[in-house]
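In this document, chain identifiers A, B, C and D correspond to the written order of the chains, with residue numbering beginning at 1 in each.
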Amino acid sequence: MGSKVTVGLIGAGRIGRLHARHLALHVPEAELTAVADVVLEAAQQCAAEFGIPRAVQDPYEVLEDPEVEAVIICSSTDTHTRFIEAAAAAGKHIFCEKPIDVDLDRIDRALAAVERAGVKLQVGFNRRFDPSFRRAREVVASGRIGQPHLLRITSRDPEPPPIEYIRVSGGIFLDMTIHDFDMARYLIGSEVEEVYAAGGVMVDPAIGEAGDIDTAVVVLRFENGVIGTIDNSRRAVYGYDQRVEVFGSGGVVAVGNRTPDAVTIGDGEGIHGPLPLYFFIERYVDAYVAEMKAFLRCILEDTDPPVTGLDGRVPVVMAYAARRSLEENRPVRLEEIEG
Amino acid sequence: MGSKVTVGLIGAGRIGRLHARHLALHVPEAELTAVADVVLEAAQQCAAEFGIPRAVQDPYEVLEDPEVEAVIICSSTDTHTRFIEAAAAAGKHIFCEKPIDVDLDRIDRALAAVERAGVKLQVGFNRRFDPSFRRAREVVASGRIGQPHLLRITSRDPEPPPIEYIRVSGGIFLDMTIHDFDMARYLIGSEVEEVYAAGGVMVDPAIGEAGDIDTAVVVLRFENGVIGTIDNSRRAVYGYDQRVEVFGSGGVVAVGNRTPDAVTIGDGEGIHGPLPLYFFIERYVDAYVAEMKAFLRCILEDTDPPVTGLDGRVPVVMAYAARRSLEENRPVRLEEIEG
Amino acid sequence: MGSKVTVGLIGAGRIGRLHARHLALHVPEAELTAVADVVLEAAQQCAAEFGIPRAVQDPYEVLEDPEVEAVIICSSTDTHTRFIEAAAAAGKHIFCEKPIDVDLDRIDRALAAVERAGVKLQVGFNRRFDPSFRRAREVVASGRIGQPHLLRITSRDPEPPPIEYIRVSGGIFLDMTIHDFDMARYLIGSEVEEVYAAGGVMVDPAIGEAGDIDTAVVVLRFENGVIGTIDNSRRAVYGYDQRVEVFGSGGVVAVGNRTPDAVTIGDGEGIHGPLPLYFFIERYVDAYVAEMKAFLRCILEDTDPPVTGLDGRVPVVMAYAARRSLEENRPVRLEEIEG
Amino acid sequence: MGSKVTVGLIGAGRIGRLHARHLALHVPEAELTAVADVVLEAAQQCAAEFGIPRAVQDPYEVLEDPEVEAVIICSSTDTHTRFIEAAAAAGKHIFCEKPIDVDLDRIDRALAAVERAGVKLQVGFNRRFDPSFRRAREVVASGRIGQPHLLRITSRDPEPPPIEYIRVSGGIFLDMTIHDFDMARYLIGSEVEEVYAAGGVMVDPAIGEAGDIDTAVVVLRFENGVIGTIDNSRRAVYGYDQRVEVFGSGGVVAVGNRTPDAVTIGDGEGIHGPLPLYFFIERYVDAYVAEMKAFLRCILEDTDPPVTGLDGRVPVVMAYAARRSLEENRPVRLEEIEG
């Protein structure tokens, strides 16, 4: 393999186009050679926009394309494991958006297929690649704040997704908190043993009618003793609120929000600063690029992906444990979900 | 009753002397006429320092002194209810440090005595009088951030108390978290129905040997649906960390730490700011003064105390619920404690 | 001399009462025994409020009172040097509000009288005692930011004084900037050789009609090469803006504003923080207390006052240089004023 | 003209390559068709990196290339006006890096040539396109802070350029402060009438030996009465310090520094935040892209460039006025330079 990797894109929706743009503009190590989407027009439009030579409707044409060395799977969640298995069988390296699947058996089969094929699989937990969270992890790992004791993750969206999406999303823990479960493992570098979840419908009754909640708090107990909390809301009127704090025996490290500018205004009422960057597209643009670069690098240098299949699986288990905890109002051990 | 209230002080330890200083210097509405301490020398020293005419060893000499209109009870916790009952019987208004007691029956008897006597009782939750927390409460109460959804309290001490103290303190929830339980009720203006507590010994094994924990997370479920979290540590190396955040449908209000100065230094390593004010003596000096002034005002203007006997009782129930939650690793409803 | 100093107060106006309060409540080393004010009622009211045994109309009764060891001169500026000379002749130590006078000859005569009498004279540059500015000075003096290169002082009042006051104040440089001239010398620890001033009437035409300006920028050239700027406004709608920055070869130290609380609010419009403390009474309360304590300490310990007569004189020279610079629109050396 | 503009690049040094990258990746409205550099290899390498079809040594081959509609002039300053005149004669639109030239006559001839040819000329004052400074300008222009009174610009580089560069740069005012002169005009929307400059050699004696200074303060008097200050240093050890503040009758707007991450660390020593983004390449990446987009847009939509030839000329006059002010230690009116 040379200094470039030929890449095929599966799915030309919002996140697929986002990756296509980054690959085309910022990741010279990648050469996008094909894009597939069940809506052919979407594939064609994406191809035109980012100079991809080939646009098809059938994902298998890309998954099995002999000229493609790696695939980026951005199709709907229910197709992920099928495509992973096909790609692995065809010897392609795989980047798959989160979650791998909402069914643990299917995840296990897919991971086994990847294992057998000896290809690389990286799962799309983009926040690990954000410069601030990455630095926070480095600070924790370096011992700069001593032994970690407490973790806090604030993760609030500016607005809920459409109700139709919520109905099929698997619920807030699988759809939204899953990022925070990954962040928790990433920052602390230890596994969670038990979770306790509290939550409610506070933002929009329609979310409750769709069988989900929109506001949640999750307590995490880690193997190494750390206690963590996550709080989620589907609607923060002031924008995308993405903060973490790790407190330890030697200090504390905190990640605050980023803003589009550094302008403050003082008047008779107060001192006014800018809102956080609106949503994940704005906040995590650098992270998405770095994520793609890391995927390409692990192929070119034949190293382990920075986010593995197991990293993709564990947060799904955590999400199920949180859901059961919420239903039964008791702490739930992760091993109960596996059992 | 005129424009001054004659006040007797029971207990001339650290907190007693603190109140004596504030009453002498900053609360002209009060006239400190007597101080009692089981260690007579302590009473005499306090009297000399703050110009109190009378220093005695026997608290009942002050509690029943016909010239005293109000008493400030700062003796050890196990004496509180006895002194409250004696003061009430003698018709004195009462300020009592927190907690009223660690036994709910004794608390109830004391509150009943106060009720019968028709005197005023204010309990020493000083943080309510901090300008920042007070303003946060006003912001929430005004509807400025809409309907509250999530509450977060960070409350970390710079260093643990002596082990001897920890042994008799009733445990972290009764000694330390009790302030946060009060703050939670104060900020949200609704009662907590259920708590879930997680915790461990992370700071000092000796605290574990004394039967306590030193690090804790508590989840609160309020009657009005709000979900809150409290996190505590007995040792934050960067100082007294006292922050709150209330998130609601219309926005968020946050209280940050206060610092002794507003100096930042930039060098080749970073931009460096000051540590928080070291501990409660430094951080809550204004709050302690305002607390005393409020007590005097409610006597002079014959209004209800801003922190009532019930406000003193409920956090004790919450502390017991948290303790049971920790022991049994399950959410505990406050009514279980009452039952 | 024992552990207490008997103190007489000359002038019971706003600043006089402020010092009286601090001396009475926070400076146990001082015993206020007399107060004089040309308005006898003012003296009597002050005496009643702060428990001063003696209130008189004639300042000389205090200045020459054999029981008084030190005097605090807070009368109108035109009386300062007369009272200093009388106090010095009577062997009293002297604290005098700024400016000593607006006439350099009179200042020199007063300083000579102090010198002859061997009493102590401290001039009221209160900002030096603010914890933040004091810490900034310590940072600079310690070499923490290397060799200083640039100084910046922002000093803006929330509102102009009454026009009647402006008419007799000697102008903005003598009345307002004088504090910043002192701060400049204090922070850099070197003398200013030359100033250049620009300014205008932007806040209120009435100030211009009274012969003064309300907005100014002054450039300072120090003997040690540092270049400084001061900017002043008589009206900052967001409150008292008091910041400094010293930039050096090894870094930068900055003092920001202090606020009455640490509350921020986020809503759909932005993140909103509190205004600065309103004006000098609020901002410099700690500084005023520390200033008085320092004066008492230098008497009790027989050390040099932290702000000397010379420190009181030099900023007056700087103010005249700035005024001439403004009039002639050219840089003016301080020695031109002396010549 | 269609939806794309064919662009030729003159000069493939650091800033030329920077523009090439942005045009290639982020400005789809531009099609880079040729690049020239006196060092042919530099042109060829740039062409290879950004997919430019043609690389030549002779700039006139690009300036007169019939397929080129617009040129980006990034060659050394002394060639700017020659290339502008040639490009104008050939009917090309022109983007020229700052300064247009250091000689006002040559600037005037170049601007006249542009005028005659009816082509567009945009000058490279990139900071105007920074989101924060742009927003500050909008805030001022909107009247949100009332009538402006005071302006402050802090502009400090992390390290000086090589001494060889300083020798030919025309001095700090023409090389470095020129950006701040432009920013001053941009933010206030009024012309400067007079400047007063102070400065010295504080960073490196070699800069003084090269005939320049490395630390400067400039006072600006605007036609509309605003008084501004600029402070410059060639070396801020904590990085690129780029802040502005505009103070007005209705409030204040301030632009702070941007940082690479939002991570703070608290330990026993203090609370530590990140340094500013290192230098202009890091800080102004968004601004450079927006600058190019604005240039292309003014061509495609046939509107006036956002930074005109006059905008390029005036700061050169200001720089000469500042230099004369420094030499003669007196305020200098801009009309003296023109005379």
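Definition applied: a contact is a pair of C-beta atoms (placed from the backbone, for glycine too) under 8 Å apart; a residue touches a chain by one contact, two chains touch by 3 or more.
What you see is a predicted model; the values in this text were computed from it and never measured.
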Touching chain A and also chain B, the following chains: C, D
Farthest-lying chain, centroid of Cα atoms versus that of chain C: A
Pair sharing more residue contacts (C-beta pairs) when B-D is set against C-D: C-D
Mean-CA-position distance for chain D and chain B (Å): 58
Cα-centroid distance, chain A relative to chain D, in whole angstrom: 40
CA centroid of chain C to CA centroid of chain D, Å: 43
For chain A, residues that touch 2 or more chains besides their own: 237-238, 250-252, 266-268
Contact footprint of chain D on chain C as seen in their complex: 146-147, 149-150, 152, 156, 196, 198-200, 202-203, 215-217, 219, 221, 225, 227, 229, 231, 233, 235-238, 241, 247, 249-252, 329-331
List of chain D residues in touch with chain A within their complex: 25-26, 131-132, 135-136, 139, 144-145, 250-258, 260-268
Residues of chain A that touch chain C when the two form their complex: 237-238, 266-275
